[in-house]
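Read the structure below first, then the notes.
First chain written, first letter: the chains are A, B and C, and each begins at residue 1.
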Amino acid sequence: MLPGLTTADLAATALFALEGAVVGAASGLDVFGVLVVACVSALGGGTLRDLLIGAVPTASVDDVRYVTVSLLGGLTAFATYRLAFDTSSEPVVLLDAAGLSLFAVVGATKAHDFSLPAFSAALIGTVTAVGGGVMRDLLVGRVPLVLREDVYATAALLGAGIVAAGLARGLDRTRVAVLGGMACFALRVLAHRYGWNLPTA
Amino acid sequence: MLPGLTTADLAATALFALEGAVVGAASGLDVFGVLVVACVSALGGGTLRDLLIGAVPTASVDDVRYVTVSLLGGLTAFATYRLAFDTSSEPVVLLDAAGLSLFAVVGATKAHDFSLPAFSAALIGTVTAVGGGVMRDLLVGRVPLVLREDVYATAALLGAGIVAAGLARGLDRTRVAVLGGMACFALRVLAHRYGWNLPTA
Amino acid sequence: MLPGLTTADLAATALFALEGAVVGAASGLDVFGVLVVACVSALGGGTLRDLLIGAVPTASVDDVRYVTVSLLGGLTAFATYRLAFDTSSEPVVLLDAAGLSLFAVVGATKAHDFSLPAFSAALIGTVTAVGGGVMRDLLVGRVPLVLREDVYATAALLGAGIVAAGLARGLDRTRVAVLGGMACFALRVLAHRYGWNLPTA
């Protein structure tokens, strides 16, 4: 993995942990339960990715930094919860979109590096980006956000698809990572701001 | 795997995707959410099977045809949803029973080919057949059908058990596949038609 | 693994199956559904552990004894359900605490044997101990006990942490297993008896 990607991956992990902890705290869980939900949110997607591509032990248990930043993110959220941290505020949506983009890019890149076909790499990038959130929502007993929110997983799929297609064509890794990440970020933020919806049946 | 089994496996995958998409559309999801539920329904059981036996990357991400037919099945259901496709109608029950039988047979056969004991192969066939449906139901927030419906997983276990026992005895692969599949199909369809129930505590 | 650990692991598996079956029967499931919930409760944590550390095929499908004792535990609970087996009674809490301790110790030890860092081994021991219960609760549609009950996973983390730290320092395996197991057991039982709570946000 590109060194810069790992740093960014850790930053996205901490952010998703923070968001997960807020969901857990809002459900009335105690500090341990909040940390569990934080870790699941932050590490679930990457763990699922590693299991699917056969990268075991998974990064989440093999590299202590991932759990460490997850716990730090979770504790931060727990400590500042009374400050009325609002997950639907503009800054949080921007940060979440950044995390989503990053996970999509890293996931697709890692799948490509494990010799999976481009189509699969795009899907694995998407799973990496949204998997943790799905597990978080299942734990606290609600229908996953990704199934309710329009243009969330779609944005991840766009970003991961650009990366997967670019890598399959042998394009420069940094360039496709930046391009895919920006596309995911832009689509997610614009869809949220303007309330873009996908059709329902 | 027998060539015929792969073809049948893909057909069953498409069918389970179609059924999953109907469940997702009935829950009011948008087109992307519907496709997610379709893919989870169609690919969840086989993915769990491959993870458990160590066949990674899993077929669901390594062979593009599986995702392709899942998406096609999901889109078909989405496009025809207004036609009031009824999942409890007789033809759908027959098709679902066929898919269940096939997944049970393929799952048990693959576990046998990975040198697992017969008892485990029977269980893995069952997990293959019902795993996707369990994940689908969890995603949309309902208690899994397999826990509510009498004689559903039981039929899968019967079919997978016949295959596992037959392969362990060195019998002809095609013959045990046909026998196991027919037993599963017959038990499921008869139990549905005559309302056979298992005892509760 | 130490021979004694395997015996104890099987005993804990049977106990967790029995508890899972009671939860399933209380949800009105038929005998097959009850056995499914029993197996998921008993085998879920260890299976997750094996997937994360790359020990595939997982012990749950590779060693027939695990499924066998799970089914026996489940059938026992089903057969004796009318005897009003009470999962919150003192003997059951003691037995459950014993199972929790054992799974935490075995999980951390196995992760250590797969060369994972001590921090990860502690977490994997915890996942082993509580994973099956989380899956059980998700299946029957309730928020996982581990997120609601104070000082449950915390006790598992304490025990697994002691084992992981001790093994990393090269201490005697039996000694750290006994020490970790006793610490987990004592914390869980005392917390339950005296109603110790963790802070909420």
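Brief remarks follow.
Definition applied: contacts are C-beta pairs under 8 Å (C-beta built on N, C-alpha and C of every residue); 3 or more make two chains touch, one makes a residue touch a chain.
These figures come from a predicted structure and were not determined experimentally.
Between the two copies, chain B and chain C, the Cα superposition rotates by 120°, quoted to the nearest 5. Of all residue numbers seen at the chain A-chain B contact, under half occur in both copies; the interface is built from largely non-matching residues.
Mean C-alpha positions place chain A and chain B at a centre distance of 29 Å.
Multi-chain contact residues of chain C (touching two or more other chains): 51, 56, 138, 141.
Chain C contributes residues 24-25, 27-34, 36-37, 47, 51, 56-58, 60-62, 64, 67-68, 78, 81-82, 138-141 to its touches with chain B in the complex. Chain B meets chain C in the complex at residues 51-54, 56, 111, 114, 116-117, 119-120, 123-124, 134, 138, 141-144, 146-148, 150-151, 153-154, 197-201.
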